[in-house]
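Next up: the structures, one after another.
In the two complexes that follow, chain A is the common piece, with chain B as its partner first and chain C second.
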Partner chain A sequence: MEIQFKDVSYIYQENSPFAHKALEDISFTVEAGSFVAVIGHTGSGKSTLIQHLNGLSLPSRGEITIGDFLLSSEGKPKNIRDLRRKVGVVFQYPEHQLFEETVAKDIAFGPKNFDVEQEEIDRRIERLLPAVGLPAEILERSPFDLSGGQKRRVAIAGVLAMAPEVLVLDEPTAGLDPRGQREIMDMFYQLHQERQLTTVLVTHSMEDALAYADKVIILNGGKKYMEGPPLEVFKQTDKLQEVQLDTPEVIHFLNQYNERFGTSLNYQHQTLQELANEIKGQLEVESDE
Partner chain B sequence: MNNALIIGQYVPGNSFIHRLDPRTKITVVFFFVIVVFFANNVPTYSLLTAFSLLCVLNSKVPLQFILKGLLPVWFLIIFTFILHLIITNEGNVVVDWGFFKIYSGGIIQGFAISLRFFLLILTTSLLTLTTTPIEITDAMEEMLHPLKKIKFPVHELALMMSISLRFIPTLMQETDKISRAQAARGVDFRTGPVKDRIMAVIPLLVPLFVSAFKRAEDLAMAMEARGYQGGEGRSKLRELHVGTKDILILIAFVLMLAALFVLRQ
Partner chain C sequence: MDRKKLVEFKNVSFQYEEEGALVLNQVSFEIYEGEWVAIIGHNGSGKSTIAKLLNGLLMPKDGEIVVDGQKVDDDTVWDIRKDVGMVFQNPDNQFVGATVQDDVAFGMENRGIPREEMRERIQRTLSAVRMQDYLITEPHRLSGGQKQRVAIASVLAIAPKVLILDEATAMLDPTGRKEIMHTVNDIQESEGLSLITITHDLQEIVQADRVIVMNKGEIWEETTPRELFLQRESLREIGLDVPFVAQLTDELMKQGVELKEAALNHEELLEELWKFNSKM
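And now, the complex of A and B:
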């Protein structure tokens, strides 16, 4: 589903001393099937933006189109439930939303609310478990007995079990160890490709944005600061530094290396390690000549 | 968030009223609440109204905001007014519909009682609007200090109060977050049959309790790790002290009280 923001503003507690503009005249488009990363500091409006993607908040001004759904200040569309089913949101620390007695029941909670048959739910769970990296034995255990990483996977499975067409991820790797982070992000990327999902990832990891996104949107103080393909955005180091954002390590290294030695190495999704090997290879070729 | 009721909300500011020692404010409000019941004629009521309006003006909290915030209470005020209108039968008859008479005494009485009520709520909410909850608990602890002599656990009580106050916004945020997460999973808190709506509270309450207990455990652990052991010999980060402005306002208040008793019939 395509997502379109048109001049969207959102004001918290309008007409009170606490009124606060969280989003200001934001416009952008997320094409169907694309992977978009939204980056910004705390307080830049990222989380507010997410709540607009499934109608939890409605814009104070402007319009949002998500597939056939239209959200505006005029009120919720009647079929908001359909929208919520089609847009799966994995909130920050999703394990905090677990509540059922068993893992199986918790995963089934979402689809059940949307009137999916129990048989179909069982089928979905069967397919999902390996995808999120959970063993089948876990299904009958209490979600509160699991480790932090497992809890998060259960919570993610609970959102995926609704079979959403749009997946919204709010810093899904916060608080995980580096290996867990990589595993979870790889898992999302795989799902994104297999199911042709439209994915919106909110993060402050430049590395993740670079590795997975087709497009990067940078928010600053509730306004859109930059938008474009990751490589183009991350090229503008100075502009990023103005809002205290760093370029990803690899890009930073590559820029400096090219500048210093007059080379023109390109970024092709290498890791730092791969890049080092590449340079080593080139140097060996040169010294042989 | 519940915007309807503003009692208990704090509006940050740096006015004279904001900067007063919380003990001064509590004392003044305490006596004001009593004194309101002594007013019995136009000058005394005007005096009290003027005093509280001056305080509101000084605090720079928009009057409009306060009035809007007191909306739920307006109902009570109007109800009191109408009640007095109906049941009082003193003075001259103003309206006479045969079975139903309104006396001038009723109008005056109704107006006076409603005003009394309004002043009470206005000043007490001004106290919480201009004083942080932490300041209030600190002041309470100080003021209850004499009770220590009879082994009343003043410090522990104050600690419990400040912890619970401290965690109200946290829990509200948490509730907000969890209800959003569950709404995203298709829970509907607002529509549908009552039974469904009651059931919808479970996915909200369970995680909320789990996190509250976890928070309590973490907090207890953190306090223990830093060797916390309550009252005796503990110094304060924020020392309360009575300054010139407190003495000023107290004198002004006492003068107002004196004037009140002179003007009173």
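And now, the complex of A and C:
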């Protein structure tokens, strides 16, 4: 499904002394089947933005279209239930979406709510548990008695169990161990590719944005600050620094390398092996001269 | 130099449920004054459980925990909590004040810090985490990263002897994370407090004096960051990894670029490459 923001502003506690404009005149398009990363420092409006994608928040000004759904300040669309079935959101803190007595019931909550048959739900759970790196024993435990990373994995399984058409992820790897971070991002990416899932990822990992996204949107103080393909955006080191953002580590390293050795190695999605090879080749050329 | 031992775990075992599996099995370690120790390990390896035992939220089933010379038990726990500051994995679990400034004040009130001093510390700690503009905001109206910043300010304000940060910067952007860890590190060094950071951020581990690696409720390894990151393969086996610099060093060595020292950061790796280059 295509997602379009048209001049969207969002104000918390509008018409009160505490009114706070969290989004201001934001416009962009997420093409159907694409993978977009949203980046920005603390408080820049990322979570506010994605809460609009399943109608949890409605724009104070402007319009959002998601497939055939229209969201505006006029109120919730009648078919909001359909929207919520199609757009799965993994929230920033997993605690905000865990509430059932057992892990099994928690994962089943979404699909059950949308009338998926129990048999099908069981099949989905069986498939999902290993995909999120959880053992079957965990199903009967209370989601509240789990470690932070285990809760995160349950929350992710619960959203995937709805088999959404759009996947919205708010820092989904925070709290996961390094292997879990890699495996779960790979899994999202695989789903995205196999099922053409439109994916919106909020992340602080410039590395993940670089590795997975077709497009990066950078927010600053509630406004869109930059938008473009990751390699284009991450080339602009100075512009990023102005809003306290880093470049991905590999690009940062190559910049430092080039400065030290007077070279111009470029990052073009090489693997580490390829990079090491380029560096080696470059060192050899240098010493021949 | 005789350093003071501030924390000691002696053969500590723990389980949440009577018939349940041991979540910690015979865990022993010591942490000294002014030391920064990182605890890492796969999800569910027991890190947060260690943190909760350390400030008496949980009591060991077996073994003994000593904080600043006092054994942690039901009689000493209130005393000990005054010395042990902790930021939880999810900051929502620790907000008590109706506003950000009340929240920072709360821990200080419990410790009988005078009003004037309190006011000064509220300003200072909230500025240190760049949240000075949010004094009267309700904590639940903050963004994820703003919540973590306030939680850190609240614990810095009580100036504890032992500070435990349980994934306290997980929701911060990399620059913000570096900035905050820098601030915490400064305070740690000037006040000589013991800092324990539980983290999955490989970059954060690099700066610690020592690393304790947990695996399935047991200590798998206790070493320095530099030594640790030489063990790339076995770290991967237990759900962990090594940072970018160590990975690249590894690839370079495989391809015959001989680098002597295991670099921990960009500067060190560039220096190694420079040396290699001038030898060729």
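Keep this in mind: the second predicted complex is superposed on the first by the 252 of 289 C-alpha atoms of A that agree within 3 Å, B and C clash if a C-alpha of one lies under 4 Å from a C-alpha of the other, contacts with A are read in each partner's own complex, and residues count from 1 in each chain.
Going forward, a contact is a pair of C-beta atoms (placed from the backbone, for glycine too) under 8 Å apart; a residue touches a chain by one contact, two chains touch by 3 or more.
If you're wondering where the values come from, they're calculated on a predicted model, not measured in any experiment.
Judged by the touch definition given at the top, the superposed model places A:171 against chain C, while chain B stays out of reach.
When both complexes are overlaid on chain A, the residue A:250 reaches chain C alone and has no touch with chain B. Legend: residue contacts after superposition of the two complexes on their common chain; A:43 is shown touching chain C, with no touch to chain B. In the superposition on chain A, A:284 makes contact with chain C only, not with chain B. Set against each other, chain B and chain C differ in how many residues of chain A they touch, and the higher count belongs to C.
By the touch criterion defined above, A:264 reaches neither chain B nor chain C.
Once the two complexes are overlaid on the shared chain, A:81 sits against chain B while remaining clear of chain C.
Overlap of the chain B and chain C contact sets on chain A: empty, with no shared residue.
Chain A contributes residues 12, 40-43, 47, 92-93, 95, 133, 145-150, 152-153, 170-171, 174-182, 204, 206, 244-246, 249-250, 252-253, 256-257, 260-261, 272-273, 275-277, 279-280, 283-284, 286-287 to its touches with chain C in the complex.
In the complex of the two chains, the chain B residues touching chain A come out as 1, 3, 11, 61-62, 65, 174, 177-178, 180-188, 202-203, 206-207, 210-211. Within the complex, the chain C residues that touch chain A are 16, 41-44, 47-48, 89-90, 92, 141-146, 149, 167, 170-176, 200, 202, 236, 239-241, 244-245, 247-248, 251-252, 254-257, 266, 269-270, 273-274, 276-277, 280. Chain A contributes residues 13, 16-17, 51, 54, 56, 81, 84-85, 87-89, 91, 94, 96-99, 109-110, 113-114, 144, 158-159, 162 to its touches with chain B in the complex.
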